[in-house]
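These notes open a run of structures that come right after.
Two complexes are shown next, each including subunit A; its partner changes from subunit B in the first to subunit C in the second.
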Partner chain A sequence: MRIARLLWRNAFRHRLRTFLTVLGITIAILAFGMLRTVIGAWYAGVDASSASRLVTRNAISLIFPLPISYKDRIRQIEGVKTVSYGNWFGGIYIDEKNFFANFAVDISSYLRLYPEFILSPDQLDAVERDRKGCVAGRKLAERFGWKIGDSIVLKGTIYPGEWEFVLRGIYHGRDKTVDESQMFFHWDYLNETVKKLVPRRADQAGFYMIGVRNPAQAAEIAATIDASFRNSLAETMTETEKAFALGFISMTEAIVIAIRLVSYVVIIIIMAVVANTMAMTARERIGEYAVFKTLGFGGFHIAGLIFGESLLISMTGCVLGAALTYPAAAVFADALSQYFPIFNVEPRTILLDIGAALLVGVVAAVFPAWRAVRIRIAEGLRHLG
Partner chain B sequence: MADAREPIVSIRNLFKSYRRGSQIIPVLEDITFDIAEGDFLALMGPSGSGKSTLLNLLAGIDKADSGSIRVGGVEITTLDETELARWRAINVGFIFQFYNLIPVLTAFENVELPLLLTRLSKKERRTHAETALRVVGLADRMDHYPAQLSGGQQQRVAIARAVVTDPAILVADEPTGDLDRQSAAEILNLMERLNRESGKTIIMVTHDPRAAEKAHSIRHLDKGVLTDADR
Partner chain C sequence: MGIPFSYSFRNLWTRRLTTVLTVAGMALVVFVFAAILMLSEGLRKTLVDTGSYDNVVVIRKGAETEVQSGVERSQAAILETMPEVAVGIGGRRLLAKEMLVLINIPRRGNSKPGHVTIRGIQPESLLLRPQVRLIRGRMPRPGSSEIMAGAGIARRFQGGGVGESLRFGMREWTVTGIFDAGNSGFSSEIWGDADQLMQAFRRPVFSSVIFRLADPSAFEKVKRRIEGDPRLTLDARREVKYYEDQSRMMAKFLRILGISLTVIFSLGAIIGAMITMYAAVANRTNEIGTLRALGFGRRSILAAFLMESLLLGFLGGCAGLFFASFLQLFTISTMNFQTFAELAFNFALTFEIFWKGLAFSLVMGFVGGVLPAFRAARKNIVEALRVT
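Coming up: the complex of A and B.
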């Protein structure tokens, strides 16, 4: 207990120096936590994916559609439980900066595949009965102040024209990993309109979402689906939802790697700062450590004092930095919700914060402790007076 | 005349040198002498004569090149660092010229510090530390930090810290060197009392003839060589 008190008093002996060091660690841990949260947000779609869902798309590229007739053939494949389908609509609400994901889907089957999207039965009934009905996520509705019954007009980019919808349902996520910033409307509404305007683009789906009975058979079912359409005009590529999401991320992998590297660099920089502080501290106290040794304290005790002080400083910064990560992430998520619909500080990020702070505390103390333990008492005592 | 008492410190053919670059500088040469149990010895000599080095060697905080140092029957030159640290904690109390108190600890906490290495309970540590501070007349200053105490008071706290584990030997390196005349006299009286009443063997390095007057015996060192005892 006395040693703990000594550690505490030693750590705050030079208050300004300690304050600035703790501030540096706090900012570094905050930056590290935010960068890790950004990486986590990048992978949010992967984390939210289900092992029981497959995605089938055109084997050439996602931008090429598949005939809607594939739906019935896929449904007949052994192990397939549910088949839904849809198209990326890419509509703009008022202005391009109001970006959000919007899809034309077969709403009933789609929501059966996504039980994590919670929609009340009466709202589901209302949207199913209204051809122009749409469903929006809670965050999206809050962002634009939409209420049930509101009319929403999107400007088509892939499908030109003004598209009018009526908000019939607002879903919320089963947990905080669910994206609540998407909008879904009836694929039939899109298809019927396209059929009138551009008949050659009608009766085509951008992707199929497939629910399987047994996730363990997912790979086998995917292979069977693709085999069914081999040598056809539109060959398919079927993969798990997770692989599909990872495929998207791989396109931006360089950015993720860069962010990850920057997060490590932040930790290395603060490690150098804390090591400098501890080196100064230990150098100033060489005489005191010699006194401790004179009194019978061993190298283990001296090293313990230095490591303890370093860890106390780094962990104080870690606690403050980790605590600040939550409000900072909330502000960040609010400001950039269109880019990062899921921006949650994960427990893993806090564990990484703690791990980084422990690493900083230990590494920063290694050299000063080594020096203090090795110094001869008589030489150390000459530093006093 | 030879001292009839048993020697507590027995030094034989002690050599010590320092290396400065490629040059080897002899500091102590063939030192042989005994210190009787309960003695109050003053080591005197000009600066650089090796008296502080000799004090460090017999207190186990420095290593000799060759020779023997037996303290209380233990040959301390054969002990490794860990054993020496343990030995010092039990057998030797240190009093330094500049007190060397830990500035972030109160007088009580400074005195209690050596007791943290013992198996004493918190209550026992408190009793011992309070007793030691009472012996040096600072029972009413135990919650003061070193910076809140005068030089003389700080040195008394240092003496309390030196005696709190009840070691057989006290080593003092210029204990009055940083004090005014009155404080120095108080410290010397306190050391004399510890020697007389508690039977502590005191080995003191000093330049000050007034300090040396308090000692029972004086040994002079000159250029690393021990000269005859004055008394």
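Coming up: the complex of A and C.
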């Protein structure tokens, strides 16, 4: 107990310096936490994906479609429970800046595949009755102030023209990891319109989403699907939803790596700052350490005092920084909703914060402690601060 | 008379460990600051080099990228007859009808797939892009299953080297040459004969039509004519503008990331400098008293401490920029969010970034040192001398 008081008193002997150091650590931990959360947001799609869903797409690349006739052939394959299909629509709402994901899908089977998208039965009914009906996520509807029954016009980029939809349902996520900023509408509406305008592009699906009975068989089923379309005009590539999402992210890997590196850099910067504080503190107290030694305290005690003080300062900053991460993330999530529909602080981030602060505290104390322990009594007593 | 410069310098030298730690903190901040500016600059350079001001890209109305677009053969033929299209050697019009698709190719090393752009070209395409030069092998023969790969692709993707082959569209395609297109986005593309590729991918339409203007100032006229013609549902853009639009999201992302990181990091470094300078002032109270007693004014004391802090910033800036300059050896290759295609760009260090980084480090030094310097200057002579 007495030691703790000594540490506390020591730490706040230079109030301004300690305050500045704690402030520095708070900022660094806050920045570290935010960067980690950005990385988490990057991988949000992967975390939200399920092992029991497969994605089938054209083997050449995502921009090539598959014939709609594949639907029935996939359904016949052993172990397949549900088949849904859709196209990335890529429509623009008023301005390019208002980007959000919009898909033309077979709504009823799609929602069966995604039980995490919760839509009330009467809204589902209303969507199914209206060919121009669409479903939007809660966050998306809030962002543009859409209400049920509103008419929404998207400008097509892949499918030319102005497309009119009527909002018939707003889905909620089952939990925080569900993306509530997507929009779906009837694939049939897309297909019928395209058939009139550009017949050669009709009856094609951009992807098939497949629900399997037993997730353990997913790999086997994926291989069977691909094998049945081998050497056809549209060869397929089937993988689990997770692998598909990871593959997409791996293309932007360079950015993720950069952000990760930068998050380490901020810790190193603060390490230099704290190490500086501790070095100055220890230098000023060399005389005191010599007195301690004269009184019979060993190197162990002196090192303990320095390490304790360093950790006290870094942990105080850590607690403040971690606490501030939550409100900061909330502000950020609003500003960057276009890039990151899901932006949650994970518990793991807080653990990493603590780990980083411990590391900073320990590393900062190593050199000063080593110097204090090594100092000879006579030399130390002679030392002027 | 002022306190000599060497006083400030020697003070830093005396407390080497503290100086090194403070400078290291600042150097890292300047490093990150410069790195992000270099990245944005590299992206900008790539875009500028890719587009040419005299060229016009025509894509389908509403489409934002060539991948999304489709131009019917009949529409392309109408474009070809426009009088504003420049005429090259032998009376051929400088107009190319191109096809563009994305395909998945595994990377060298880790086999992770990337989206690579394949451009189906016509002989005129090369005339329209003078920055494209063949550096190895030979040009693919028109009408054959031969392709050439950009230098960036050859290096990073499996099957991209000369003599290697790629399989797509139910055919084997032999890479007969490697082309270099400098900093431009074309270095991340694969080029082959448009007609062959359209067959292979079963695409009856072109993706875009690119032509050179005979008179660069006639752009507005051409644009009006194309967009007003009821037979053409097409949009015309200058090539420069087209490539700039394609990377707007990426540029914005880099800018937001850069500003937030720089602000946060510099706060950390300024605090570091402040701690150092406050300690320097506190340790030297006696010395300050002595200097004042010798007749140096408050202003000289203020200047000496500010100088010390600016020197810290300057050293940090130099160190940070020194390490940042090595970044020029690296290439960032990532997927453009807007086109889904692979885009590679370098870190580019310009003189502007250099002085911005240096100015930034001096500002950090100044902000960190100004309060402690005032504290030093305000000290009372007698009290300062009495402190032990």
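Quick note on the criterion: the second predicted complex is superposed on the first by the 383 of 385 C-alpha atoms of A that agree within 3 Å, B and C clash if a C-alpha of one lies under 4 Å from a C-alpha of the other, contacts with A are read in each partner's own complex, and residues count from 1 in each chain.
FYI, contacts are C-beta pairs under 8 Å (C-beta built on N, C-alpha and C of every residue); 3 or more make two chains touch, one makes a residue touch a chain.
Just so it is clear, the structure is predicted and the values come from calculations on it, not from any experiment.
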item	value
Superposed partners subunit B and subunit C on subunit A - clash or fit	fit
Subunit B versus subunit C as contact partner of A:T294, first or second or both or neither	first
Subunit B versus subunit C as contact partner of A:N10, first or second or both or neither	first
Comparison of subunit B and subunit C by subunit A residues contacted	C
First, second, both or neither for A:V262, with subunit B first and subunit C second	second
Touching partner for A:V331 - first (subunit B), second (subunit C), both, neither	neither
Which of subunit B and subunit C A:A272 touches, first, second, both or neither	second
Touched partner set for A:R2, first subunit B, second subunit C, both or neither	first
After superposition on chain A, the shortest CA separation from subunit B to subunit C (Å)	12
Subunit A residues contacted in one complex by subunit B, in the other by subunit C	385
Subunit B residues within the subunit A interface of the complex	53, 56, 61-62, 81-82, 85-86, 88-90, 94, 96-98, 100, 102-105, 109, 112-114, 116-117, 122, 161, 178
Subunit C-facing residues of subunit A, complex	14, 16-17, 20-21, 23-24, 27-28, 30-31, 59-64, 90, 96, 99, 155-158, 160-161, 198, 200, 231, 233, 237, 247, 250-255, 258-259, 262, 265-266, 268-270, 272-273, 275-277, 279-280, 284, 336, 339, 367, 385
Subunit C residues touching subunit A - in the complex, by the definition given at the top	17-18, 21-22, 24-25, 28-29, 31-32, 60-64, 67-68, 70, 101-104, 112-115, 168-170, 201-202, 204, 233, 248-249, 253, 256-257, 261, 264-265, 267-269, 271-272, 274-276, 278-279, 282-283, 332-335, 337, 340, 342
Contact set on subunit A toward subunit B in their complex	1-3, 5-6, 9-10, 13, 287-288, 291-299, 376-378, 381, 384-385
